[in-house]
Amino acid sequence: MLNKNEEKNLHNNQPETAPKNQSSFYFFPFLITFIVMFGIWMLLSGKFDPFHLSLGFISCAIVAFLSSDLLFPSPILKGKLTVFLRWLCYLPWLTIELYKANIHLVYLSLHPRMMDLIDPRIIKFKSTLDSELGLVTFANSITLTPGTITVNVSSDGDFKVHAIDKACADSLPGEMEIKIAKVFRKV
Amino acid sequence: METITSIKPLLAVLVSLLVTPMLVSSRNPNVREGWTFVAAIIKLAIVASMVPAILQGTEIVYTVAEVFPGVAIKFKVDAFGMLFALVSSSLWIVTTIYSIGYMRGLNEHSQTRYFCFFAIALSATVGVAFSANLFTLYLFYEMLSFATYPLVAHHQDREARSSGRKYLLYIVGASIGLVLPAMMICYNLTGTLEFSKQGIFTGTEPNATMLVLLLMLVLGFAKAGIMPFHSWLPAAMVAPTPVSALLHAVAVVKVGAFSVLRVLTGVFGIDLLARLNLGTVICYIAAFTVITASLIALSQDGLKRRLAFSTIGQLSYIVLGVALLSPKGMIGGMTHIAMHAFGKITLFFCAGAIFVATGKKNISEMVGIGRRMPITMVAFFIGSLSVIGLPPTGGFFSKWYLVQGTIQADQWPMLVVLLSSSLLNAAYFFPIVYKAFFCTPEEAMFENRIEEAPIWCVVPLVVTAAGSIALFFYPTLFLKLAELATR
Amino acid sequence: MDNIFLYSSLYLAFLMVLSLYRAIAGPTVLDRMIGVNAIGSKTTVMLILIGLLYHRVDMFVDICLAYAMLNFIAVLAASRYFHKRKGLSDEI
Amino acid sequence: MDIFVCILLFSGLFFLTAGSIGILRFPDFYSRLHPAGKLDTLGTLLAMLGLALFNLHHFSLGALLTSLKIMLIIIFVFVASPTATHAIVDAGVRAGLAPWTKGEKRR
Amino acid sequence: MFWQIDLAILTLVVVTAVASIMVKDLLGAAILFGAYSFLMCLLWSIMGAVDVAFTEASVGAGVSSVFFVAAVFRTSRRTKD
Amino acid sequence: MSELIPTIIAKYNYWIYITLMMIGLYAMIAKNNLVKKIVGMNIFQTAIILYYVSIGVKKGATIPISTGGHGAAHEAVHAADYLNPLPHVLMLTAIVVGVATLGVALALCLRIYSRYNTLEEDEILAQIRKK
Amino acid sequence: MKIIGLIITIITGAFLVYAAIDFPAWSDPNSPASTYLSPYFIENSMKDTSVPNYVTSLLADYRGFDTMFETTVIFTAGLVCFILLRISGGKEPETSHYRHVLTGVTVTLKKGHKIPESEDFERIDDLWTPPDLIIKTSCRLMIPFIQLFGLYVIAHGHSSPGGGFQGGVILGASIILLAISHDLRTALEKMREKVVAILCPIGVSIYAGTGTLCLLLGVNFLDYSALASVLHVDPIAARSHGIFMVEIGVGIAVMTTMIWIYNNISSAGKYNQGL
Amino acid sequence: MSQQYPAILVIVPLLSAFAISIAGWVNKRLCFPIIVTALSVVVYASIGLLLTVLEKGVVIYHLGGWPPPVGIAYYVDHLNGLVLVVVASVALLNVIAAKKSIEQEFPDKAAPFYTLYILMVTGLLGIVVTGDAFNLYVLLEIAALTGYGLLAMGEERAQLSSLNYLYMGTIGACFYLLGVGYLYIVTGSLNMMDIARLLPPLYQSKAVLAAFIICMVGVWLKMAFFPLHSWLPNAYTHATSAASSLIAPLVTKVMVYVMIRLILTIFTPEFAFATMALNNVVVWLAVIAIVMGAILALAERNLKKMLTFIIVAEVGYMVGGAWLGNRAGMTGAILHIVNDALMTLCVFLVVGNIVYKVKGYAFEDLQGLFRKMPFTMGAFVVGAMSIIGVPPTCGFFSKWYLILGALQAGHYGFVAALIFSSLVSVVLFFRIFEICYYEPFSDHHGHDHPPEPMDEAPLLMVVPLLIVAVILILVGLYTGDIVNHIIKFAIPEGLV
């Protein structure tokens, strides 16, 4: 099915942490998943009588048992919480960026001579980020912000981005990458 | 009239049916035919054991199950039925003997099948004879049709198959297409199907309906061979000769005639027919058949085909006799069932014996055969006398009564028909006999050396020929039965 | 307030017509996917609006969430088609 | 309060409108994804936020939880929308769709 | 039950239904059918049938479209009508 | 005429359900592609669901979930306040039956495709006839 | 065919339109449907079963028998897909492919050969493509929440919309999402075929078994009030609990069936790389 | 326990279906004993129910303990009591007879097959026993879905035919559902008895009229009534023998039962026959169905396909009989449900045995079968006689009532059609007898074929077949009792 060259290329781009060894069971990921899930449960349920709480307990246990390895592919949890907190702090900035980007896009969309303004192109660059989550956050942020959409990311950090015009293309990787790198830097 | 309830009629019907598993399972031909004999003799014994009671004027009745309101599977033995059952069951024994000789003589295949269906056919025949209502009659009539199909198509070659198809098409087509709806209409009109002397109709039904019903019922029993539903019979002659002999001279065709008679006497009733003047219609149809069939028979070269057309003609005598609606005519018609049976079976036996001994089927090839097979040809002569209706054979009585019947009924044209057809009968039988015995040596196709068919073949035909003659001297049993039936 | 919600919903329905045009007109399957996805995002909002109109928004939130999830899954499944079957010869 | 809700709702609707128009007007598949992916996300986000706020009108624990659930939807959309956009654009690349460049006809 | 929205969505539903059977590509048909189901879900929530809407959203729209796409994936997209 | 327009408006849902059903039926009869027929079949089924749900609608009623919650069992409940839940229940069943049928139909399509390598009915029939 | 179809359609449509003229107007509160039977359910649901969601009580109790068969229909569909599509094992394909995880090199082996069990190689199929990083990661994070949501929907069918069906489908969809975003092998490792195939009838059996339990306790089939003696609660609460048990059964059955059907359809019964 | 029979009737097969499904993954040999036990229980319960009904009258069972208009109820009266026994016993006999061929045809999928099989039986039993219009739809779908699965497991063309069946079946079921919806919108009820009680004042309503017609069209689609029959022959022909010998005898018959139930119970005969005045049209359709079925059967050179066309004709019998609008016709239709189920079972089991041994059922494969498989063919003769309508077998008696009904209604076209189809059946079956009775033609080859040794199907297949053959005759002989004690009460007094 695949073009030969492309196949090789794609194969080399593989992330290394494909979920494997499903059978192995780790306690701490389980516990943390359970706690997170229980929090969400309370939010969803809104009923705090013993019956529903015990149901929640059982449900969360089931989910944690089934899927804790999806949430935490590796059993090492050191620093995850810090990363998560930093990630939360990153969100407001992203929202503002999103807002700004959208104003630009609205302008483009509603402009009568839109065809002259845009100049789509695909650009490539290499990111310095190394963690998987960091890359994904970055990719999604790119998608959400100014006139750019991530086309492809490899686990090495090669980005292929579709940009709507030259200005947008030039702004990459820019400030965003730095911010994300801060979030995901090693503790 | 007194009635007795007895299981005997059912037994008489079932005997030959129950013997079929034995026939199928027995590996040795001798054992198999032994069983057939046993069944045939038991059957005759059961039937015969009922004769005294019948002769005293009682009826024997047995109900198996009621299937519809007012309609049951029911047996009733009366004089007419007894007459027919007696003839067919006694001739079965003879035919069995003949079959053994014929089948073994020709080294036929599938003999087990042959004997099985023969037994089933006999069951059905006796069932028809003893049935108490139109429904039961129809049931056994259909059973007989299907049971004889494998016998007709026994040879399995192309001709046999096409004849078998023709046979089924006519017989079953007519019975499902005409009898069944007619029966339903009767039931719908009257709510019963029981045979009774005065008929089941109230007489208030419109004439046209009655005429249509009558025609449907009379023509629908196509086994009676009334034209235009006759052409299955010549076709069916491809069957082995014992089959033609018993079934197409006695059982099957007589079942047709018997059914027609039953319908005329039991469903419509003589009085109603007379009142509506419907008998004449049947008379003319039958008369037409008689003459036409005889004329066709004249031109046939195949011996069995000639016999077949003869049978068609003779069957219509029976119908004609009853349709005259005069007591004498009815006696004549009924006794003709027996008389013709003995005569015609002899003729068929002879034809078969000739075939077994010489392999000849056509009349033109039989010149001088009397020198080679004198016993057979003498028997043939006796048989033909009986069929023509000349003394000293039983056939004389039935024809005598028929003639009297025409006079009694004031149907002069019918008298002419009867007499002329007798002449025609003579015209197509005597040349055979004459050529068989009286020919110049140059014409003779056979060497002057007596070489009869196997003994198993010869004995039966001698017996039946003797029976024909005996009936001339002792016809009382059948005449008595017929008289009882017309009362 | 109900009136505002009602007219907002109607307006959303009008926006859906616009997205539906893209979904129907194509020209490629992927354009249709974009259109359907856009309809989906409007529908989520509309569901909440309807919940508010019924004054029973707590009952509609669950539907809305499920809707968003399954819309996502459906779109993902459709796009995964091209992941395994590249282009092919027929119209894309 | 109502006014604030209205502002949020209408701005959300405005973005959604722009998104819809953008989907119609942009010349090719890739560029259409921009309004579809971004404007719709933001529009949904704002509108929902407004509605969540409105829901807090009659404050109670239940209402708060409901609003939080709406926020949950927002988060979900926030994660799912770019992913879906990416999936679609990826599909386009794999399908071999060439991007529109300046000067071509609208596709 | 809000007849104005109901009316609007009903019209949309009809359009989508026609489109999904007219489109000359099975994948497109599957996608449009998904849209049709989602609109139906909306319609039912408008009519107040929340459980039906929920079921349609999950069963009718979500899983059905996935099945459709899977089937098209395993067979062919080609169609003459 | 004056009576016609109110009739049309008062039963708008019913007209649309008929329209949808006919679209589905037409697709099932006239379309040549097996999967297209399945799409038509689903539209057909949903049309009936639409019909049923329309029966359940009641002016001025709210969704059929008690506003009182678990505890308030003994308040008086006015039937007119709630939509008719029975059609909803029936239609849950119908939807599920629909998806079950869909699954089976698609499985059959897959088998057919693996055998004839096409989904067009006329092409399949041509192949069968050739044999 | 098109014209015939059109004619049939138009005739049928015209007939239906003709019949619809006699209908009560849409949303008429006084139509027979709204006044004859439904008030009973609305007014008595809380009293009889203490379930605020009338649809749920109607679904699982008043008309619980329908629902049992509805679940059976789902099970049947799964089974039919299985029986039609599943290519039974035992036949080893001509070639098998393995991929070295670290380098991405693909090894193709002839029939009969095997690679020693190791962490470095994973089995792939000839249609294999690498999973997309973004999709994979975001889905991986979403799936647990989707599952939780599914369970929540099942558990709260009493008081809010939802219940066994919807929750079950969402649960199933979460596994399907796993299969879509990763590949079918990964999903199968989570939910093995045998587990699916056994859980599915068990789910329906929970439903039917609850009913049979009632029957064995001496009342009619599916009359949950009999469970009161087992659960030590009053009959009304027993009905509520009975409904809950039934919903769990439905949830399990629906979830597994959805996975089952998806697995079979997306891999055409080969259970290798799916969609 | 006896008051729980209606529930047991459905629950036992349902639970055993799940048990079989699980057992298939654990130990395959458990499947067959489970299914036979379950079906035996069902037969026992159905006979018990019929006896109870005969003794005490209608049995009503409230599912979930809710009284009828609220909950779902089962009604067992004389009509469905009779059909229940037929369905249960046909299923039991067939599964025993089919065991060998199932093992031969799909050794590794026997367990799912048995599961589908018994689910189908559950569905059919449920359809027969239920008193709720919507419940019937759900059960209809179960029976249909399992049917699609079972039929599609056959040879190559089976899937396409099964898919066509699926389309038609879905339309049919949806039409039925729509009809129920129409009834619901005007009455607000779903219970059959309740609807019947509420309907009379509404007889003039167009919606009720439409409901009736739509329901009828739906049911006709499902039973392959004439213009809508096109799916049936292919679907049944290409299926495996185990599946077709369950589906062919039961599905169409049960749908005819549904039709009769609709006419008799929901829309009372007065409405169906008097208000509607559609009798003539439908009976003429039935006439065409019978004639077309017979003619199309004549054109076939393939035993199984021929039999399927005969089924089409038989459906015409039943529909026509029911629509004659008098007691005799209705009696004939109901009796024919029983008889046709049995005789179709008989001939399809024969086909199963032939396929098991000969691996084909085209006419040329059948040569010399009488010698090879005498018992099978003996049973075939009985079945064929019954289809033709030869007296001691049961087929004749239902035909009798049908003709009687037609005569009373003055519908001679129907009589003619019945007679015609009987005649055609004679031709059809004797053509086959000819082929399998006689060894191949010897006039071309010259040399004699040595007679083939007897090679009968296994005992497990032959014994049920012979039992069916005997039952065919017994039912025929006891028709009077069946009519007088059961069917007479199944038809409301109003129908004369």
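Read from first to last, the chains carry the letters A, B, C, D, E, F, G and H; within each, the first residue is number 1.
The rule we apply is simple: a contact is a pair of C-beta atoms (placed from the backbone, for glycine too) under 8 Å apart; a residue touches a chain by one contact, two chains touch by 3 or more.
The shown structure was predicted, so the numbers you read here are calculated from the model rather than taken from an experiment.
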item: Count of contact steps on the shortest path from chain E to chain H; value: 2
item: Chain of greatest Cα-centre distance to chain H; value: A
item: Remotest chain, chain D as reference, centres from CA atoms; value: B
item: F-G against A-G, pair bridged by the larger set of C-beta contacts; value: F-G
item: Centroid spacing, where centroids are CA-atom means, of chain D and chain G in whole angstrom; value: 30
item: Distance from chain F to chain C - Cα centre to Cα centre, in angstrom; value: 20
item: Whole-Å separation of chain centres (CA-atom averages), chain B against chain E; value: 77
item: Centroid spacing, where centroids are CA-atom means, of chain A and chain E in whole angstrom; value: 30
item: Where chain D touches two or more other chains, by residue; value: 19, 21, 33, 41, 62, 65-66, 69, 72, 76, 79-81, 83, 86-87, 90
item: Residues of chain G engaged with two or more neighbouring chains; value: 16, 20-21, 23, 27, 31, 33-34, 37-38, 41, 53, 55, 59, 63, 66, 70, 73, 76-77, 80, 84, 127, 129, 132, 134-135, 138-139, 141-142, 145, 149, 153, 156, 159-162, 165-166, 170, 173, 176, 180, 261, 265, 268, 275
item: Residues of chain F touching at least two other chains; value: 12-13, 19, 21, 25-26, 32, 54-59, 61-65, 86-90, 92-93, 96-97, 99-101, 103-104, 106, 108-111
item: Chain A-facing residues of chain G, complex; value: 99, 101-106, 119, 122, 126-127, 129-134, 136-138, 140-141, 143-145, 147-149, 151-152, 155-156, 159, 178, 182, 186, 189-190
item: Residues on chain D engaged by chain A in the complex (per definition of touch); value: 14-15, 18-19, 21-22, 25-28, 30-31, 33-35, 37-39, 41-42, 61-62, 65-66, 68-69, 72, 79, 81-83, 85-86, 89-90, 93, 99-102, 106
item: Residue numbers on chain F that touch chain H, as the complex places them; value: 21, 25, 28, 34, 37, 41, 44-45, 48, 51-52, 55, 86-87, 90, 93-94, 97, 100-101, 104-105, 108-109, 111-112, 115, 124, 128
item: Partner chain C, residues of chain G touching it in the complex; value: 127, 129, 132, 135, 139, 142, 146, 149, 153, 156, 160-162, 166, 170, 173, 176-177, 180-181, 273, 275
item: Chain E residues within the chain C interface of the complex; value: 2, 4-5, 8-9, 12, 15-16, 19, 23-25, 27-28, 30-32, 34-35, 38-39, 41-42, 45-46, 48, 50, 53-54, 57-58, 61-63, 65-66, 69-70, 72-73, 77-78
